[in-house]
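Input: structures, listed below.
Shared chain: subunit A. Partners: subunit B in the first complex, subunit C in the second.
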Partner chain A sequence: MTLRQKQFAVYSTVFLVLLLLFFFLHVSTGFTYYSHSHLLAILLGGGTAEENTVVFDFRLVRAVLAVLIGMGLALSGAVFQQLTRNELAGPGLLGVNAGAGLGVMILIFLTPIDQGLPIWSLPIVAVMGALVAAGSIYALAMRKNEAGGTYALVLSGITLTAGIHALQTLLIVLLSPEKFNQVNTWIIGNIAGNTWAHVLILGAVVVVLAIILYANRTTLNILTLRDETAIGLGVSLKRSRPGFLILAVILAATCVAIGGSIGFIGLVAPHIARRLIGADCTYVLPLTALIGGWLLVTADWVGRVIIAPDEMLVGIVVALIGAPYFLFILARKRG
Partner chain B sequence: MNWNRRPWLLGLLLLVGLVLLASYSLTVGARHIPLPTIWKALVNYDPSQVDELLVQTLRVPRLLLAVACGISFGVAGALMQGITNNPMASPSIMGVNSGAALGLAVAMILLPDSSLNVAVLFAFGGAALATVIIMALANRNGSRMSPVFLALAGTAVSAVLLAITQALVVYFDVAQDLSYWTAGGISGVRMPQVLLLWPWTLIGVVMAVSLSKSVTLLSFGEEMAIGLGGHMGRIRFLAGVAVLILCGSAVAIAGPIGFVGLVTPHMARQLVGIDYRKVIPITALLGAILLVGADLVARSVAAPFEIPLGAITALIGVPFFLYLANRKGAR
Partner chain C sequence: MSQSGMNESSMDYSKKTDIQIEGLRTGYDKTVIIDNLNLTIPRGKVTALIGSNGCGKSTLLKTICRIITPMSGTVYLDGQDIHKENTKVLAKKIAILPQHPTAPEGLTIRELIAYGRAPYKNGVFTRMKREDRDIINWALKVTHLEDLADRPIHRLSGGQRQRAWIAMAIAQDTEILFLDEPTSFLDIAHQLEVLQLVAELNKTYGKTIIMVLHELNQAARFADHIIAMKDGSVRFEGSPEAVFTAEMLADVFGITAMIMKDPLTRLPFCIPQNVGGSL
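Up next is the complex of A and B:
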């Protein structure tokens, strides 16, 4: 084992343990109290029908979704940061949240109130909206200069996002109060109220895309090099950059469609991973996923206990932790 | 035509434009009111006439508020861009609006029955907090604020303040009151609010104009300004106070209206050059025209619904700003 591999083994074990610990805490939190040993027994199949419903259909769904969403957002953030060679990039800055939000809002706007939506419809419109938003921001940023031009990226990201928010505001005015509540909860970010079907959809997307990304980790590494070097190493920039961009947007938008507009995880998790283990995607990608999953399950748990019996929406908790961390990155960067 | 030599003529033209737009805006609404009636309502008010009552109690306050907010946001943006020597500086980008929102939320929670004046003070406090945080971040290690840094720091500070506001709002259950404010724009204002806002606007504008010569010096860059004999610290501080007065009061009453403060100073500098003695008055006029126009659009496009003013200014501001940024990149 090289030093890097040893480090990776240590860090991934630490975060895996943290992830499992907070996952268990998350599942043990709720209206009905079960002792830890009893909860373990229920999880292993020894509970009554009522206990099974509470633990499996409510708590476990939510905890698993939190982990999956955290992983997906973190991984897509890692890809964005590789593509733009910029540690400040993330799904939020590239307009994924805003674009997905607009897609979801248009769908809710067009659907009659009493008509249920098929479960896969939200992810699909979210992905379409996010692709349009991220595609135009990326195109604007890249047109002006080489990849890594922070100025162009930030500028087009912030302005286009503001434009999309303006469109959202326009739509909000036209929404009925019931639909407004639906949209508002979604915008802030809330993982509760989902089912195993959501887990299935999100799980499939996250797992498949994570495998694809990991299989292409060498190309991702090469993309951070200078364009000439990357081409010299046999990577087609014209094909691989848009390809990775689309994968990352699909990943983030699906997460956002199910969990609501959660920010900062995609920015913070890859950043922590890279500080711990260096820049090689072989180690960064798995570690990023673990950190992302741990962060979100923890944030959701904090949201559930901090003002119990009320609940703080997870998006708020994440922003309260993530935004200061973002400021810390900035302060370190010094202009 | 080079307006740089004839700023008075340009100012006069803009003023005429503003008056024309304002008079037209007074006639438009759920009920069309012809100009002669409006004139009569202004000079010889008869409350028993419905039309004149409408003009006096609804349309004129609203117009005056739009003008005051346009002036406030425009001048505040011009001051910020001048003292930071930074084209990205503006109230919404630097988190001032989110700070004011936080202040308002706190006021609604602590003093639910407080008067508007107290709420405005809290909004000042929040706006000041946001500005202080960003300035502190920017001055760390004496590094100069790059436009990107400023924009990112502003976004992040906004996000923090917004999250705190949301948390408070959810916890104390005042979401409805606050969302009324955030989406409210300037519909439904009455004369008392207008009378409350205008003194602040006037104070801010007077401060801005009297500082304008020094701000021009600062906009050349710090070394140059010190070399030419400016007192940097004092000017920055006073300009900061003026920005807070202008933004804090306008945001507190009209809600967050972005992009006016970002766009209008750029337009003014295009027209009259870099001398802030000309830029600030021209920006004030442009801001007023922009907001009166935006309000007109907001009221008439989807009538009887009203579109939030902030959405309109963003939809105008975003393409303009992208165009501006692109042109700069090309140079």
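Up next is the complex of A and C:
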């Protein structure tokens, strides 16, 4: 076993234990108190119908979604960072949150208030909006320089995202109060109120895309070297870059569609993983997923207990932790 | 590479034809830097591209190794047009060390060298094979990096870093190696170290080396074949003895210089005298 493999074994075990611990804490939190042993009994199938509904259909759905969303956003962020060779990159910078948000808002705007939406409609419009936004940002950045400069990408990301936010503000003014509440909760980020069907959709997307990304980890690794080096190693930049971009956008947009516009996870989780395990995606990708899952399930749990019996939306908790961390990276980059 | 090990016989690169360049027109964006260039680069030898800044030597190197797609003309390798061949297939034939390679923070030497095995990965889930591990260890040995293998690249000195990149390039196990100014920003000892490594790769392992060099006397000493360029065209070409003349230095570099013979190697070297002043 090499040094890296030993480090990976240690760190992945640590974060897996943390994830499971906070997952359990998350599930044991709520209006009704169950002792830990009783909760375990319910989880193992020994609960009443009411207990089952509370634990399985409310708490477990929410906790599992938190883990999946955290993993998806984190992995997507890791891919964006590989592609842009910039540790500040994340789904947010590439316009995923903004584009998905605009898609969701247009859908809500156009749907009559009393008409329910099919479960898959939100993810689909979110992915479409995000693909348009990320595709435009990517194309804008690549137009000047086919090699794809990092700064061009970051600048066009910030510019286009600002434009989309302006459009969103325009739409918000036109929304009815009920729709505004719906949209606002979504923008901040909220995992509550979902069902097992959401888990199924998101789970399938996260698992399938995670496998595809891990299978192509060598190419992802090589893309962080210079273009010339990547060409020399036989990587087709014209095919692989847009391919990974699309995968990462779909992954993040699906997460965002179900969990709301949660930021920072895609930035923070891969960054922590890299500081611990280096730069090889063989280790970075799995560790990033574990850290992302742990971070979001923990943030959602904190949101439930910090101002109990009221609840803080998970997006706020994440932003409260994520924003200082972002500044910390920036300060470190200067130094 | 065969299972017999990393010896000379396992890398039999004979029966290869020279690299042929025909009617090449290339440059950046819409700017033509090289036009209608015809050139042959010998296989199995060390070739140095020399010339003043902006003469097109780097552009030529990048076009030959497919980093730049030419506007017209063809580069033939073993009868195949390089710019039409599958890039992954080519990565098993030619390796490139670009001018200022960068690696992400935290990447270790061993991890970087392992990237050199990427062209040989077929299935998506294939693990590293014994053959890959053997070649990585060989690359570490040849570049004298065995003791530093688990050190992150960003903590290395300039010379060690350059050797790490060369190790990655040779882990690709290609017959041809392109080096774009491999000695720039290195002190004199590290320059020599890199060039001696290049010479060893050529002599012991039979690799074809094509490199851009700035230091003329190093080109004369380490190259079998020198190509001197000016304004996008080849002015002089041949062995160091044939190319290294006062006439060439005046034409290509615009300097007057004394040409002497190194008493040890019997190779020419120059002592620059003045800028300008034709013969």
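Here is the rule we use: the second predicted complex is superposed on the first by the 328 of 335 C-alpha atoms of A that agree within 3 Å, B and C clash if a C-alpha of one lies under 4 Å from a C-alpha of the other, contacts with A are read in each partner's own complex, and residues count from 1 in each chain.
Please note the rule applied: a residue touches a chain if its C-beta (ideal position, glycine included) is under 8 Å from a C-beta of that chain, and two chains touch if they have at least 3 such contacts.
Keep in mind the model is a prediction, meaning the values are calculated, not measured.
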{"item": "Three-chain arrangement built on subunit A, subunit B and subunit C clash or fit", "value": "fit"}
{"item": "Which superposed partner A:A215 touches (first subunit B, second subunit C, both, neither)", "value": "second"}
{"item": "Partner chain(s) touched by A:V235 [first = subunit B, second = subunit C, both, neither]", "value": "second"}
{"item": "Partner chain in contact with A:R226 - subunit B first, subunit C second, else both or neither", "value": "second"}
{"item": "First (subunit B), second (subunit C), both or neither touched by A:A204", "value": "neither"}
{"item": "Partner chain(s) touched by A:A308 [first = subunit B, second = subunit C, both, neither]", "value": "neither"}
{"item": "Larger contact residue set on subunit A - subunit B or subunit C", "value": "B"}
{"item": "For subunit A as apex, the angle formed with subunit B and subunit C - C-alpha centres, to the nearest 10 degrees", "value": "90"}
{"item": "First, second, both or neither for A:R85, with subunit B first and subunit C second", "value": "second"}
{"item": "Which of subunit B and subunit C A:V10 touches, first, second, both or neither", "value": "neither"}
{"item": "Superposed arrangement (fit on chain A Cα atoms) - minimum subunit B/subunit C Cα distance in Å", "value": "13"}
{"item": "Intersection of the subunit A residues that touch subunit B with those that touch subunit C", "value": "none"}
{"item": "Residue ranges of subunit C touching subunit A (in the complex, touch as defined)", "value": "62, 65-67, 87-92, 94-108, 110-111, 115-116, 118-119, 121, 124-125, 150, 152, 169, 172, 178"}
{"item": "Residue ranges of subunit B in contact with subunit A within the complex", "value": "88, 93, 137, 140-141, 143-149, 151-153, 155-157, 159-160, 162-164, 166-167, 170-171, 183, 258-259, 302, 305-308, 310-312, 314-315, 317-319, 321-322, 325-326, 329"}
{"item": "Complex contacts: residues of subunit A adjacent to subunit C", "value": "2-4, 85, 215-216, 218-219, 221-222, 224-229, 231-236, 274-275, 277-280"}
{"item": "Subunit A residues touching subunit B - in the complex, by the definition given at the top", "value": "88, 140, 144-145, 150-152, 154-156, 158-160, 162-163, 165-167, 169-170, 172-174, 188, 263-264, 307, 310, 312-313, 316, 319-320, 322-324, 326-327, 330-331, 333-335"}
